[in-house]
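Chain nomenclature is as follows: A, B, C and D, assigned in order of appearance, with residue numbering initiated at 1 for each chain independently.
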Amino acid sequence: MEPILAPESIDLIALAPVIVLSFFAMMVLVVDLFGGRNKTLLVFISLVGLLMTAISAFAKNPIPAYSFNDSYIVDHLSLFFICIFTISSALAILLSVEYNEREGIRAGEYYALILFCTIGMILLASSTDMIMIFLGIEIVSISLYVLTGIRRDNHRSNEAALKYFLLGAFATGFLLYGMTMVYGSTGSTNLFKIAEVVQNPSAQSNPLLLMGLVLLIIGFGFKVASVPFHMWAPDVYQGAPTPITAFMAVGPKAAAFAAFFRVFAETFPEMAPSWEILLSTIAVLSMFFGNLGAIMQTNIKRMLAFSSISHAGYILIAVIAKNSLGGSSLLFYMLAYAFTIFGLFGIIIILGRKGEENLEIENYSGLAYRHPILALSMTVFLLSLGGLPPFAGFIAKFYIFSAAIQQGLITLVIFAVLNSVISFYYYLKVVVFMYMKEPEAEFQISLTPLTLFVVFIGVFVTINMGIFPGSIIALASH
Amino acid sequence: MLENSVPLSHYLMLSATLFVIGVAGVLIRRNVIVVFMSIEIMLNAVNISLIAFDNYMNLSNGQIFSFMVMCVAAAEVSVGLAIIIALHRNKPSVNLDDFNLLKW
Amino acid sequence: MFLTLITFLPLIGALFLVFMPKESVAAIKQTALAVAVADFLLSIFLWTNFDNTSHKMQFELNVPWIEAWGINFHVGLDGISLLLYVMTTFLTMICVIASWDVKIHVREYMIAMLTLSTGMLGVFIALDLFMFYVFWEFQLIPMYIIIGVWGGPRRVYASIKFFLFTAVGSLLMLVAILWIYLHIQETTGVATADILYITEHLSAPLGTQKWLWMAFFLAFAIKVPMFPFHTWLPDAHVEAPTAGSVILAGVLLKMGTYGFLRFNLPFFPQASYEFVPMIAWLSIIGIIYGALVSMVQVDLKKLVAYSSVSHLGFVMLGIFALNPYGIQGALIQNINHGISTGALFLLVGIIYDRRHTRLISEFGGLAKIMPKYAICFMIVALSSIGLPGMNGFVGEFLILLGVFQVNGLWAACATSGVILAACYILWMFQRVMFLEVKNPKNMNLKDMNVREMFTVVPLIILIFWIGLYPKPFMDTFDASVTHLVSKVNPDNFRPKQEHHDNDHNDKQNEKHGEHARLITPTEMASLNHTLQMPALIKE
Amino acid sequence: MLLKLTCLIPLFPLIGSIINGFFGLKIGKKAVGFIACGSMTLSFLTSVLVYVGYLMLPEGQHVYEQVVWTWFGASDFNVDFGFQVDPLTLVMIFVVTGIGLIIHVYAVGYMQEEFSYYRFFAYFNLFVSAMLLLVMGNNFLLMFIGWEGVGLCSYFLIGYYFEKKSACDAGTKAFIVNRVGDFAFLLAVMYIFNIFGTIDFTEVMHAAPEKLIYAGEAVTIITMLLFVGATGKSAQIPLYTWLPDAMEGPTPVSALIHAATMVTAGVYMLVRCSVLFNLSPMTMTVVAFIGGGTAIMAATIGMTQFDIKRVLAYSTVSQIGYMFMACGVGAYTAAIFHLVTHAFFKACLFLGSGSVIHGIHGEQDMRKMGGLKKHMPITYWTFLISALTIAGIPPLAGFFSKDEVLYHSLMDGNIIFWGMGISAALLTAFYMFRLVFMTFHGESRVDPSVHPHESPKMMTMPLVVLAGLATVGGMLGLPFLHGWHILHNWLEPVLHFDLANALQHSEHMLHEAGRHAPSWAHLLEPKEHNGWIEFALMVFSTVVAITGVVGAYIFYIKRPDLPEKFTQGQWGLDMVQNKYYVDELYDDVFVKPTVEGSNLLWKECDAKAIDGAVNGAAKTIGWFSRQAQTLQSGFVRNYALFIVVGFISLLLAMF
């Protein structure tokens, strides 16, 4: 047996973000023990931790750099993703502060769990080894199980957690089994080595490997909530606390896509003929089911859950395109998506109040004339999600589609654009209620500053990335 | 080393059978705990094949992997049971089909 | 820079309005009007500084926008877009005046109107495909809001239909745009979406051209709207508030025809040529179908909406005549339709404001009660049916003339639309304006007030101006059209064939003159025989 | 330099119209009348000056063109807003401004009681302006402005009493039927441009023999289309139905528009394009047939009508039929001659009937008239003179013009045309005098409460003038003084046509195209003017006319019971009285199917099929959406099942 780990291959600087964040996460836990009921300090520590993480991510230079026997990588993709993760976690924390107070969520581990989850995401985006990927996924998942069910007294929250947990574990089984098969057929868990092995045409037709790929697709497909492994998403999104829903829709999803991209687009590009059609089908089905499911929804969180399923379909196109344009478009899309989603959920949180979250779309009737700015922001977010210029969502879609067309995937793109039309319908439905219906009942809302701040950032970035996307594109397409 | 005594395919078959049993358990059983156990069976099926591969191809990664799987499984168990307990407080039932508040 | 300023001025105005207090309605209206008027005057300044003799883009500005993709903020005007641009600012101004009586959410209304203006102006000046698409989709939103918030009872249905219909087409166009963008990058090595560059360098096999053409076609055909993609239009028009209808008819539909001229023709000349028969027949069906259907409408706005389908059929037919007569006719008809139909919608809006109904059967005898209104309505209606001396005729005739050069049968079919136009307009006019006043609610209607006159009279002046002396208008696009036609001339693609011209001496007249054909001798003989008549010339 | 004034001729009435239209209500009736008549007078005087100017043109120049501005154009197509003055135009200008002025004066009296007096004169002046454009335009499109303009004014004036449904319907009908003609006219113009590259009259007529093949397809189609256009405006078969209905308008309107000027525009157009028509024997034949047929058919209907104005309307249709027949046999001078005389006597007849209607307070039914001679002598005498003129009694104007038409229809056409013409003449004499006798002679059947009275001077003076013109108008073309036929010589430059030259060009063109030209030699045989035949025909037609008059006398004065007896139980009468059911036929064949078809198109095709497809797509998506929703059952095991199903399908797809 060869030595598993050569000491010289351990590069802690490359690992700095994970270490920093772990430190801060544990600090949150410890401080919480002494902090009493006031969670402000925890929030502060968490935010600082995320900031430090983001900064420390750039400590490693030059990139790409490898660590732990090439099972951990610092490259452009992972750096960009780390930024997305820290941003989304920070925004989720900001959204949570006032929400938790309102809803009576006093658990201090809440913030620690978000941070731990972030660690998992960073690992997931940076790992080049299947073991690492597995660990990353599990760290993310387990944190999320808890976060989903953190409102212990809330039946829906509990049920969502249970569903998420059972199905997540179930899917993990598939993922693991797939990894095992890939491992068994290639003899390695390291993605680089696997990639080398599958250069060989005879290895490509190994049924064990193909079976493993299918199982991997299931595992990742579950994490990104693509059809037919999406069924958990609407229930969980609906049941989870709103900030966590937003967080789930962005961070873990992005992380899963990062891994998805690493495994399929970077490790198995030679085998594209065998998985391309599968992923394409899944992508198209995701778009259709996501959009069709969303049309009839009356609960906005549930609707957004379905919408996120359809977005998974769009993003899968980037994976299928498996070119550098695909990678950078994935980055851009996730970033744009993050700001839009957090802004949107920010508004949803603002519009709720204790005991009555006002999640039915009908509750938004006449919003435009009570709180025009909020309604306008909401419109901006929805249209951005729909992919309408001049908002970030449009550029993101444009980016992904151009990656696909460069790869000759025109049919897929046509499916995607037709689905965009369907999606306009339900996004506009919300606009209809906000602008074109008279308010049904008076409801008081409290314009909480932190949440408003998130909304503001969301609007600003969504528009800014829509009109002046140049700098971000330049970063993404490095 | 039990070389050549039992061929790899046997292990794999065993693992596959266990996996399918686990899957079937998840699909068929209604008791939350039993479903949970079925999932554990699936994970252990994976472990078996991991070890088998390692053994027959003279590798080590798989063994480490299986340790990881076990750790994670343990963590999952703790979280999972916690969730089930929390749920049980709200609604005293372990029948999965009773948890049907979120749908459509 | 100047052009950019004019384009974004309304948006800046809208942003300014955002910060005005909701309650100061008067100030909001005045501000909006000031912005619109200023914008119009500035655009007039563009027109006066426009060099008619050149087909090149003018007032150009080309600055990098998304450098990573080679996408530039490239704007400019040429003859094809200039008038549409000016008309947009003009109609925006008219619409702000016409919307003076908006009761609810005045501030939001004006914001939407001004934003819409910027969106539309952007479409006409964009010289980068990406930018074009951005503006093209962007203007949907304010229009959607205008229909949906200030519209009639079925406004939600209409607004969503409008939005989705347009979106279907434009998203497929997006795919084509992407394809072109990547193709250009592949073939020339330059990453750019510059329209001028693409026009010159795009070369794709005919099969591909056709697909791309179809994608663009769908987007623009829905916008125009051509039969059978027109059903969003009646709903949108009927439900939209008056100003919305005016803008919709006056500018939004023109974006479709503009698209054909800016993209389909120069990008894919050969595909365009191949598709001429299809377009021609669709247009002809549209002309006749629109006229027939509008004849039996019971709702005034719906009638005008269907008449738009008919009129735009003419425009499309003219564009695809692919000769200078047809295209120039189509361009001027674009303007004409904006003026006439815009004015018709304004006028319908005026009685709608008074009676809150648009059903033709509710009216009758208005000529006696509202004489000024009746005169205005008559003039506009006549312009709409293309009475010579008014604007509609100039465009229609040029279009038909152009089509006739291509195919006499098409011209004949299209010309029959002229008869039908008279039918539906006059019948409607009779039922609304003439006869006795039967409905007591109509007895005390007030005639048009000064503000309403302000909205309609400028349009009427234009009706006569273009009808009698269209030269200042037509001169603007002369050079551009000549340039365009030289690119899309069917002779470039047709297999060369022998011309039997009668006049061999005069080369200039070569394309005119009869090709030798006779009535068959038997026909002649039998005719002469039955009449026992030696054919006859005396005097 | 006097010719520079040309553009003022149509401008004066236009200005008058604008002033009256916008300020008419404020300035009062007197001023309105003054402005209307004043503008007409100015226009007439200017015409005289232009005429003088024209006479001073240098030898050999027959046409004066004045381009005011370039109207519109594209590429090599350019239309000028230009006027031309040539002999034909001058004739028409004088007819329009002269008779227009007279009728304006009459209308000032006739319309005195109307509230919207100003509106009437605004339209009336506008009409004259448009009519002048029509006859003065130097190209087809400018003519078309006038062409549509007069149609529009006609629409307004027919529908002048817009509160009456019948008036509105009549106006709309007139406009739409005219549009059918315009449709053909427009196509013709396009075809002309296609062939000649210009639509200027002078250039087209000059180039026609060189660019068109004799009896070729192009010229036949062009002339046919032009002729269809003419039938619309001039109320010929098959588009005549609007004219009788047009009598809903005030009587001066009928006189000016529907008798003297507008309806003859078709004839003017044919004469203007005589060169083209000369090249197409087939069209010529059709024109002659339609003309002759219309003349007879309208005359038969005219015999059975009781509405005084309708009789005159059918008479107009019939007389215009004559003019077309003349055109059809190539006797353009005769057509114009008859046009001019017809303008005199028919205007007089209409104004006379207006005077009658005015005198008995709006009654138009002849069965409620009778014995009016003593109440309104001036009206009677002028009416009688005009009736004699139209009947063709020498030496009144109508005799000469009608006779010239008949002579040419026999000599240049054939016996069929002449037969048509002469029988129409018989019928004309009969129904005109039926009208005269029923209105002015016999016992009074007037409603006793009404006291018939003579009209004021303002109205009778125009009658006298017109009757005078009808009497002496024949001087324009005295038959015996051959070579002294004033009108013929005057129009010669316009109508000049060198057939031999045209045939030669055609042959050349056919050879170029590799076709063989048929033998055209017989066309060039010279024809002699036979004075004796002409004389014989004159005598014959005089006899015919007198027979008609006497017949009417017997039927309506001597034996008033005869008409009843003759027509008792005749199915034919019913048919004729109902105008051959043409209106009903058109209604059933064109109007109803169009309206019903459109309804069908709208409700079935548009709403159900096309929009149904759109909404159907939306509904389908909605249905799928509900299905997708029900999949989301909320049961965890279901969700797990989905994962497994997905797994199995992926496996199947993979292998």
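Remarks
Here is the rule we use: a residue touches a chain if its C-beta (ideal position, glycine included) is under 8 Å from a C-beta of that chain, and two chains touch if they have at least 3 such contacts.
Quick caveat, the model's predicted, so the values are computed rather than measured.
When the interfaces A-B and C-D are ranked by C-beta pairs in contact, the top one is C-D.
Per-chain Cα centroids separate subunit A from subunit B by 26 Å. Subunit C and subunit D have Cα centroids lying 35 Å from one another. Annotation: 79 Å between the Cα-based centres of subunit A and subunit D. The mean-CA centres of subunit A and subunit C are about 45 angstrom from one another, to the nearest whole unit. Multi-chain contact residues, meaning those touching two or more other chains, occur in subunit A at positions 162-163, 166, 170, 234-235, 425. In subunit B, the residues that touch at least two other chains are 23, 26, 35, 96, 99, 101-103. Chains touching one another, given as pairs, are A-B, A-C, A-D, B-D, C-D.
Taken in their complex, subunit D has these residues touching subunit C: 21, 69-75, 77, 81, 141, 144-145, 147-149, 152, 155, 159, 162-163, 165, 168-169, 171-172, 175-176, 179-180, 182-183, 186-187, 190-191, 193-197, 210-213, 215-220, 278, 281-282, 284-285, 329-333, 408, 411-414, 416, 488, 492, 495, 497, 499, 509-510, 512-515, 518, 522-523, 525, 527, 594-595, 597-599, 601-602, 605-606, 610-611, 614. The residues of subunit B lying in touch with subunit D in their complex are 23, 26-28, 30, 35, 96-97, 99-104.
On the subunit D side of its complex with subunit B, the touching residues are 629-630, 632-637, 640-641, 644. Those residues of subunit C lying in contact with subunit A across their complex are 64-69, 105, 108, 130, 133-135, 137-138, 140-141, 144-145, 148-149, 155-156, 159-160, 163-164, 167-168, 171-172, 174-175, 178-179, 181-182. Touching subunit C in their complex are the following residues of subunit A: 368-369, 372, 379, 383, 388-390, 394, 398, 401-402, 405-406, 410, 413-414, 417-418, 420-421, 424-425, 428, 431-432, 435-436, 468-470, 473-474, 477.
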